[in-house]
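Provided herewith is a single structure, encoded as structure tokens, for subsequent inquiry.
For clarity, chains are labelled A, B, C and D in written order, and residue numbers in each chain start from 1.
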Amino acid sequence: MDFALSDEQQMIADTARAFFSENATCERTRQAMAAGGADAGIDRELWRAFCTDLGLSGVGIAEAAGGAGLGLVELALVAEAAGAQVAALPMLGSLALCAQAVAAGGTAAQRDAILPALLSGEAIAAYVHDPALRAEGDLLTGESRFVLHGGAAQWFVVTSNSGAWIVPADAPGVTVRIQTTMDQTRPLACVTLTGAQGQPLTDPPAAIARAHTCGFITLAAEALGGAQATLDRTVAYAMERVQFGRPIASFQAYKHRLADMMIEIEQARSAVWWAACAADEASDEADLAVHAAKAFCADTYFMCAGNMIQLHGGIGFTWEHDAHLYFKRSRAIMSSLGDGAWHREQVATHILGALA
Amino acid sequence: MKLGFSPDEELFRAECADWLNGQMSGEFRDIKGVTQLTAMPERRKEWEQQLGAHGWSCIGWPEQWGGRDATLAQQVIFAEEYAGAGVPGRVNHIGIELAGPTILAFGAEEQKQRFLPDIAAGRTIFCQGFSEPNAGSDLASVRTKGRLEGGEWVVNGQKIWTSLAHISDWIFVVTRTEEGSQGPKGLSFLMMPIDQPGIEIRPIRQINGDAEFNETFFTDARCAADSLIGAVGDGWRIAMGLLAFERGVSTLGQQMGFRNELDAIIAAAKANGAARDPLIRQRIAKAETGLRLMRYGALRMLSNTNHSRIDGAALTYKIQWATWRRGLGELAMDVLGQAGEVTDGEAYEWGTLPNLFLYSRADTIYGGTNQIQRNLIAERGLGLPREPRG
Amino acid sequence: MDFALSDEQQMIADTARAFFSENATCERTRQAMAAGGADAGIDRELWRAFCTDLGLSGVGIAEAAGGAGLGLVELALVAEAAGAQVAALPMLGSLALCAQAVAAGGTAAQRDAILPALLSGEAIAAYVHDPALRAEGDLLTGESRFVLHGGAAQWFVVTSNSGAWIVPADAPGVTVRIQTTMDQTRPLACVTLTGAQGQPLTDPPAAIARAHTCGFITLAAEALGGAQATLDRTVAYAMERVQFGRPIASFQAYKHRLADMMIEIEQARSAVWWAACAADEASDEADLAVHAAKAFCADTYFMCAGNMIQLHGGIGFTWEHDAHLYFKRSRAIMSSLGDGAWHREQVATHILGALA
Amino acid sequence: MKLGFSPDEELFRAECADWLNGQMSGEFRDIKGVTQLTAMPERRKEWEQQLGAHGWSCIGWPEQWGGRDATLAQQVIFAEEYAGAGVPGRVNHIGIELAGPTILAFGAEEQKQRFLPDIAAGRTIFCQGFSEPNAGSDLASVRTKGRLEGGEWVVNGQKIWTSLAHISDWIFVVTRTEEGSQGPKGLSFLMMPIDQPGIEIRPIRQINGDAEFNETFFTDARCAADSLIGAVGDGWRIAMGLLAFERGVSTLGQQMGFRNELDAIIAAAKANGAARDPLIRQRIAKAETGLRLMRYGALRMLSNTNHSRIDGAALTYKIQWATWRRGLGELAMDVLGQAGEVTDGEAYEWGTLPNLFLYSRADTIYGGTNQIQRNLIAERGLGLPREPRG
């Protein structure tokens, strides 16, 4: 029992942090936000560099399946670093959801066909979850309005509550409608399947469970990174900005608000480590932990990002300032893959049994 | 104490409703239901003039200046019917609610004659120049300078958050007219025409993609010597008086806008099933309660004729509505779910509820942040020691 | 339309405030708390003085029914003043619930038999609500564990969801068990009816509706008075108490906490006036208003009383200091006659329809 | 990073459980499940001695002083099993968790020999004397005076909030030993025997009717010259070090008590149907999450061997648990409903959950109020400017 990062884990965290703060600058994020169509919200050059130069795209996927090995603690450290910069990347959808689902529940042939392209960044996959999906054999009919990076995907991993398929984006019966999304670094497309042919995964429950676990942890870790960044930036601003003849950081109410952010963030860090470590160790607590972490970290991020705007005053709600990037990302994380109330209800079900 | 309206007042209500509904289904049907403050500015200036032409622009003002000497109850009724008919917000709200009342209270007779009829008629649109980049919450540290030169005031400096300056005709500006003065002393209150070479307006794009606010630069900008309201050095006193007008009857009109927003949330919740979620039901009940309490707080504040004592309802009103509305935006998004985060088309433009969510983050900042409001409440309302300046 | 107190109303408010602050001192309240048995939590001398000398016990009951006339606004002003002193009186149970129920739904004979004794303070009645009450004819079987001042009552007004009866406390089949209650100024007895003979009221719906309206408004108004008192007392303490070489009132975080109390209290005042006035005018909003006011004011009081303890530091949680009297009363008000969630659900039902 | 326990550690767990459960079903069955800190003091002193006699009193201490040199994992395991077996809290927790570690860290060899074995054996019960009536949150303004006189320290003054002083043998006291000194300078740290004419203890009755705390008056109270820990004037440094021990392994034992409280709420909710209320379910889920995060925060803090950087988990821990537990008390009452507000019998004595509700109001006050905690976090954790003294 040792709840601290190992030297290797610390090195991964440092490497990822250095990479994203150097490369995922807000200028580049804003360029990706301004791009339209299929490239909306993706910094292609950053994605290439992340997948190939940095070589951390396969973290959390077994080497046998073509991944980099390592576990979800390491995945979380990478996601935290990306989240701190609000990086405009398809990491959540293409890697944490789709690649993980295929690695956990696909055939060897499916893995070989897809994972190298996803892990190298040459192709992007998007995750389509529709609980009401109808499958006649492997002909799929259904819709999701909220498919992350759906406009840029070559493949979709389509799941219902019990089945999982791969569907090429150019297959007959697949329609993709690009929308404008509040968080422009997280574009959501509307994907409609009308009798589209799917290639079934062999172990849908394993695929879905793994995708959701990785998705929840990735969101929680991104939220942690984002929340810490809002605190760091707001502290820096508060030391500089003078009002009423004093740096605003010297006002006690301001100090206490920042302290409240730190209190939540420290808990969020415990939550991410706990969830990732419990999942890696397949502990009994793992499912409770990932739901708890997703809900807690999303709330923390939203609170912190809202405070970032508030504590910057007028400049905080301008387009020019970065605060709104954090704020919108925090909202996107809150509503992605189940909102806080749903995740807490899952926690409650673990403790109290299902709500009749 | 009495909340009901008299038969005469109900007659007045019918008269308001008739005229407003007639306009919104007739000549001005194109602006019905518009909520974004920057949308369709030209048509909405015409609407200001239509209101003025029919005597509905500022019914609480004295008849002499284009009003109707309306009672409080009548003003309440008009505000309710105005919003109920789906009429968009006033692009000249600064003129009607701040500039006009300030001129009425502090202006000279000839200033009243010069400005008030034109404001009432919707011919002169006003905006305000208070904040500066380094004086966001701290009006007393204003640096924009005004000096008298050749019978004119010459102004240099920069204002920020000048809402709707780009469609306004006049701006009132707090300037430092006494060289070397500090803090609240040495400030004066000037009315300046905007259309002149010395004034440049640059829009500030906001979190919601819209640009309601501006930076306004003054470079040897000029106005006539008699454009100064009150006396030289009276600026602080007048600015403080003006902020009190912000808590006037106009709050009721603002609340009717909130009513429409909450109704849109309720409709969305009924439509998508969120209305069956006990957690959402609690939050809607809280929001409804908060809105009602704003209404009755405003009525207390407006009915309070005993101005000798501190009016707690008035002092706490700004933070109350701002905090409530910010929470309303969060509720809206939680009711909508992810559907609130997408919009069709390529433009970054949002419908009423997502826009509420984004825009309302500003509510707790402009017009005195929540932090400043709490200082004011603690110091003026509770008599606690003042926050020291550095 | 005029939402200010009339001169007469202001006078009643001033009179009540002067009476309670002079007579309902904390010494006397503590004596009443220390009393055991039937007198627990009742300052008998104060009750006599309130009912007879002050003459405000009949406020909100028509003169024709033996009351003092006036309305619920006036009732609220009296309750606010009593609440500000945490007065140990059976005002809520004996007057706002029982006397109002009998006045609204009893026969002339019932009114004549009971109201003079209740309004003069000679007798006390307690309100027993049991939704599961069984009535065989007028023989009643049921129980409530939370009967306010049940140990001191000569009569019970017993209600189910549809029926209402008067039951003398000494009738056969009536058992009263005295308990210790957290708020010792609001003792709750356990009352059991085993085939006890009740005298039916003629108009149970009118009796129940009136009792609940008056009860909710009384609780809301007491909460308002209590909350204002916690603020006033905490402000006074903060100006005196020195820590770190400064009056604690000069610390911004402290100031802001007090400001937050004032913000809620001002809304609570609007809520009480609104609810009382809407009920007096039988406005369409009246039912929504009384539920909203009860929930809002109870929450406000609890928040303020909790802050009173917190902002007094160590002394705030001693028995010797009065803060716990306010705190416990605020908790008692929260849970009396329906908790906040229930009242808010009633508000939601008005807006959204009933929860299926 | 690793959360699981090794097979050896699981063996140790079984050993702990065996012994503790044996005691709680055997000789000490009468104290099983007791939660109130003031209940059955004599039996619980015997329990301290039983723990000492079997080497379970302070397993993290060095073997030389009565401990077992237990690893962090073993300490975690023992704390879990201790609470899991329903063993009541330690009446000598101040001795084990504060006084002992302080003596270990700052004491002279002969002081270690004099005190540590007796503490470990449960023969010496300690309490602490930090706060004073006018120095609640402000330790630096301590006024209690100590002077050296005839080879003894003579102490005069008053302490407050001395938890369990009435059943303790020794008290450690922060005194001002340098006449005329101010603030953190000139303070010293003394160990004093309680049973002497110069020390008078008066109980303070609390909100829950119990009297755990005391006022302690010192009137020419005496202790030997070598009862001073560290050097004269070192009091501030030692007191600060001691407060750090409060965030040690003992937090895990405290958390196991919280676990029992939350479990009692869960059981009550299942019993009375509140567990089917979606609002209560959300709150229980939040409480459960908060408790888990405390556990993992504590493990982060205890696993953090890199003491050169600021430990955010440690710095935020006090306000986190205190706020959580205060909320837990409110949740408990909302789950119980009015049933939580009554108790049979005439005594003002409360069961676990109502008592939690009342007592937890103190959690956010003692040991540094939430306000003080936020100052510390802002200043030490975030580097913001210090709050000025008046």
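Assume a residue touches a chain if its C-beta (ideal position, glycine included) is under 8 Å from a C-beta of that chain, and two chains touch if they have at least 3 such contacts.
Quick caveat: nothing in here was measured; it's all calculated off a predicted structure.
Chemist: For chain D, which other chain has the most distant CA centre?
Modeler: The most remote chain is B.
Chemist: Quick check: more C-beta contact pairs in A-B or B-C?
Modeler: Looking at contacts between chains, B-C has the larger number.
Chemist: Mind checking the centre-to-centre distance between chain A and chain D? Centres are C-alpha means, answer in whole Å.
Modeler: That gives a centre separation of 40 Å.
Chemist: Using the average of all C-alpha atoms in each chain as its centre, how far is it in Å between chain A and chain C?
Modeler: It comes to 51 Å between the two C-alpha centres.
Chemist: Hunt down the residues of chain D that sit against at least two other chains at once, touch-wise.
Modeler: 277-279, 282, 371, 374, 387
Chemist: Of all residues in chain A, which are in touch with two or more distinct other chains?
Modeler: Residues 247, 250-253, 255-256, 341 of chain A touch two or more partner chains.
Chemist: Any idea which chain D residues touch chain C in the complex?
Modeler: Those in contact with chain C are residues 131, 134-138, 141, 160-161, 204-207, 209, 277, 279, 333-334, 337-348, 350, 354, 357-358, 361-362, 364-366, 369-371, 374, 387, 389-390.
Chemist: Can you name the residues of chain C that touch chain B in the complex?
Modeler: Chain C reaches chain B through residues 1-6, 9, 73, 231, 235, 238-239, 247, 249-250, 252, 255-256, 258-260, 262-263, 265-267, 269-271, 273-274, 277-278, 281, 283, 285, 288-289, 292, 295-296, 341, 344-345, 347-348, 351-353, 355-356.
Chemist: Inside the complex, what are the residues of chain D that reach chain B?
Modeler: Checking each residue of chain D against chain B gives 277-279, 282.
Chemist: Can you check the complex and tell me which residues of chain C touch chain D?
Modeler: Contacts found on chain C: 36, 145-146, 179-184, 188, 190, 242-247, 250-251, 253-254, 306, 309-310, 313-314, 316-320, 324, 327, 331-332, 335-336, 339, 341.
Chemist: Within the complex, which stretch of chain D touches chain A?
Modeler: 1-5, 9, 72-73, 76, 266, 269-270, 275-276, 278, 281-282, 284-286, 288-290, 292-293, 296-297, 299-300, 302-306, 312-313, 315-316, 319-320, 371, 373-375, 377-379, 381-385, 387
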